[in-house]
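The two complexes that follow have chain A in common; it is paired with chain B in the first and with chain C in the second.
Up next is the complex of A and B:
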């Protein structure tokens, strides 16, 4: 399946990017697993996804991006759990959020980004992930993928020129 | 302010104090229990929730094992509502060998514990989650007990037989007149007089006794535990080897509890007990040998309690010193009349400890009343348990409170506020009325509110609003206290699914993305 832009993540950040792109006449596909925390503050993103769909965007609801293929510093395709065919586009946007939405996964000693294996900014010492005071700023809330000045995601230190990170998945 | 003079004052609102005040009340003594925090605030609320069959102690401590199996049978009867008759398995892995098992079965039988060797294939069929490498298994009458419910039931029964319960009031000193202990002084400066004072304050007993010139050699032994968000086994799973770290997994309600460690800690640390990341690593490493799927099971939180062990020799790690019952008659031992200490022991043997202490109190006071606690059922466990024909919102309450649901108003308070544990408004009102709560942490001990898989993430603000309305305090403060208390238990296990939950809690608390 070919698109101009594939957006991974249908929460607040993914929808905002999609709306601008659809308005500009781009052919957009949104992979939305439905784990967004956006509804905690904003309205549920489902209405926005429905509106995007009406305007011609393809929304893969309940689907999850499982693997992105990178060749020569560019993403060439993304495979999802439910589609037989890979998603192919000129540009890719990573908007998968942090831990709750499974944009970042973790075990006792590591934090990783599961789709592209992007470089993640985190402290290797787990006891520094949190502050014992619940109300204090929590270091883990700043963990996220590393990007260059243009917002391109870094994988093994190299900027992927057609992959941009937006929203909570970023390390800022 | 003139305060009533009691026959007996019991210091400490854990299971030992609660069982003792109940026994005293049933024998017609005027009794006061005084506790600095909430009921079940110390080690009584920070353990496995294991009703020992005694099998764990059979090889090393015959007397302790015999006490356990007798009390195990009694509690199944008198506290049927608090005990889940899960039974237990002791499994042997290749590295444990089968020699220990043979001796274990023999020693169990000598102590009167029904221990039955089971074919490993049969054991795996009964409990598919246990380590498939097992070479042997023994079935024993272990069970799961809800310690909060058990202590509450004792407190309720004591109150109904005329005892007074004074919570959130610390005893600052023991009052002496002419060498005799005649009462206690509270943090408010009140002096409450009694003919006998009983110390049942767990590890905090030694400090109180020292003030009265009595030296009790106590060793705080820390035990850390982990709660998993699923019931991975139906039975209590033990390792059939010399007792060691993390070799017991106990199912309780909808969770499983893995523990424990055993480390000597400084007495100053006992007021702020929490599990450390190192203890968590150790528990998981060992626990995965017992039940491998624990590696993938969501962890809810980790916590720790302090065993009040009494020692002659303060060296060692705490696993080899006596966990037996220690009853000290300070008149005889130290020449300080009016003071008794009851400590050591286990959750399982608390009723027996109370009986021994109350026998001594009665002897001192010249009462010949006989102990009835072994035969009289506790509130909630009296008569036949209500049947599950009741409306859905009452079912969990019946499971928790048994016949006590008759005291709750489900007509006006039937709405479920905590969905994980199906706790209704009626139970909250009942807990506030019977136990007096200051905050959601206290409410949790008496209702299980916020103890389920969401740890209050979804329901906390709803509950805070209801409680704030009853207590006339700001709801925000209730939320803040509870969030911080849960956070303490989550941080040592904060990765994977627990980290997901942590992000959710942070965001919902701050109402922002």
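Up next is the complex of A and C:
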């Protein structure tokens, strides 16, 4: 299915991007796996997504982006768990957040970004991931995908020109 | 089997549970699902009968960021520990009657004109309310004089060289053949012949929710055997009910333990199949020029869980002359047979109130939805007629 922009992540960052794009008349699809914690700020947990849907955005609630295909430094399609057909767009936005929303996954020694395999900024030395002081800011919360100056996501060191990272998934 | 250890206790499921909002006796998806499961694994005596309030809408699973199968866990617990909760006496008879859509439909449809009239009579409704516990406010879906399968037998499909199979479901067969007839007309005009499955039984969703899982499993096995035959003949199995589809694709393996991975992708809603065929150019439909209709689309809970509302919505958007508004994805509250029961009627209407309000504000000519029980609930509660997207499409094309 074709769109102008596919946004992966329907939380604070994804909705903010979507609202601007829908206002500008772009055809937007939002893949919103699970509810974002930011939803608790609203009277109705789906308020922002529902408003976007009323304005014509396609919202896939509970669907998961499983794999993004990259060719010649550009994303060409994203496949999701519930759809047989891939989602195709000119621009893609990665707004999947950090660990809670599965924007970043980890095992004992690695941290990775599951949809595009983007370069993740983290310390390979696991002992540096945590601060034993419970109240201190935890270093692992600074992990995130690497981007160039324009916010394009880096995959194997190369900037993907039609994939922009917004929100918590970034390493800043 | 269950993945309760994935639950982080974030409570987002509690936030979206429609029953939780209106019924303080329901412990909510987190407590009823992963929290309760820990206790039930230790001792079945921890089974909480309040689990009967779960609508099985799967909204908890859609909201869960950790992919916990909360709804399945509750369904499985009800089947495993709650069978003794199956009610006895007249209420048991009511549950049995509501659950056996297939059998009751076969018995009722030869007497359709009489049955329809009788079920509308106030004294009959009062008796059913008082003795059986079927709420008197409910309007029963009318039985059809002619079953869909009897109509279909008279349709010559021999002229086609490409075929699809159609799982019509109980509602189309016993109550509302028009929906199936419309699909056959659309498919025929697109150049496809239609086959029915060799043997079709009720998908079993009403049996499962009323405590007759073993029967549901038997019927599911019959359906899957027929679906496999259709798949071997290279035919997809199309449906016009989101709940039947969801049950056969996901509840069969997840709740009933029926293996369907070989044919799961073969079972799909007709709207999805048509959308894909039209957008790839394989099917061309000729739309009427004078067609005008103002429609709002309601996403049924199981449609949302499958993530297929996209296809019905985009298919409707292809129709010239159709003004479409997509409603907020709220639950209508009926949840199949749940809302017919006197003890649940109040909850049912409270849950649906947000949706009814949303519909009334939009003031459409028709509401479109892929679920028949949503249709009954919306028609009864708002007075606005509800159509399946397939019926709207049939109306909009030149046949």
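Keep this in mind: the second predicted complex is superposed on the first by the 164 of 172 C-alpha atoms of A that agree within 3 Å, B and C clash if a C-alpha of one lies under 4 Å from a C-alpha of the other, contacts with A are read in each partner's own complex, and residues count from 1 in each chain.
In this section, a contact is a pair of C-beta atoms (placed from the backbone, for glycine too) under 8 Å apart; a residue touches a chain by one contact, two chains touch by 3 or more.
Predicted model, so just to flag it, every value in this text is computed and none were measured.
Placing chain B and chain C on a common chain A by superposition gives a fit, with no clash between them. In the superposition on chain A, A:58 makes contact with chain C only, while chain B stays out of contact range. Taking Cα centres throughout, chain A sits at the apex of an angle toward chain B and chain C that amounts to 80 degrees, reported as a multiple of 10. After overlaying the two complexes on the shared chain, residue contacts for A:46 are found with chain C alone; chain B is out of touch.
In the superposed pair of complexes, A:37 makes contact with chain B and with chain C alike. In the superposition on chain A, A:83 contacts chain C only, with no contact to chain B.
Contacts of A:100 after superposition on the shared chain: both chain B and chain C are touched. Between chain B and chain C, the shortest distance over C-alpha atoms in the superposed arrangement works out to 5 Å. On chain A, the surface touched by chain B in one complex and the surface touched by chain C in the other have residues 37, 40, 100, 102 in common.
Of all the residues in chain B, the ones that touch chain A in their complex are 277, 281, 480, 483-484, 487-488, 491, 494-496, 499-509, 511-513.
Residues 12, 37-38, 40-42, 98-100, 102, 105-108, 126-127, 129-130, 132-135, 138, 140-141, 168 of chain A are the ones touching chain B in the complex. Looking at the complex, you find that chain A touches chain C at residues 1, 33-37, 39-40, 44-46, 50, 53-54, 58, 60-63, 80-85, 100-102. By the touch rule above, chain C contacts chain A in their complex via residues 8, 10, 12, 15-16, 61-67, 265, 276, 279, 304-308, 310, 313-314, 325-326, 328-329.
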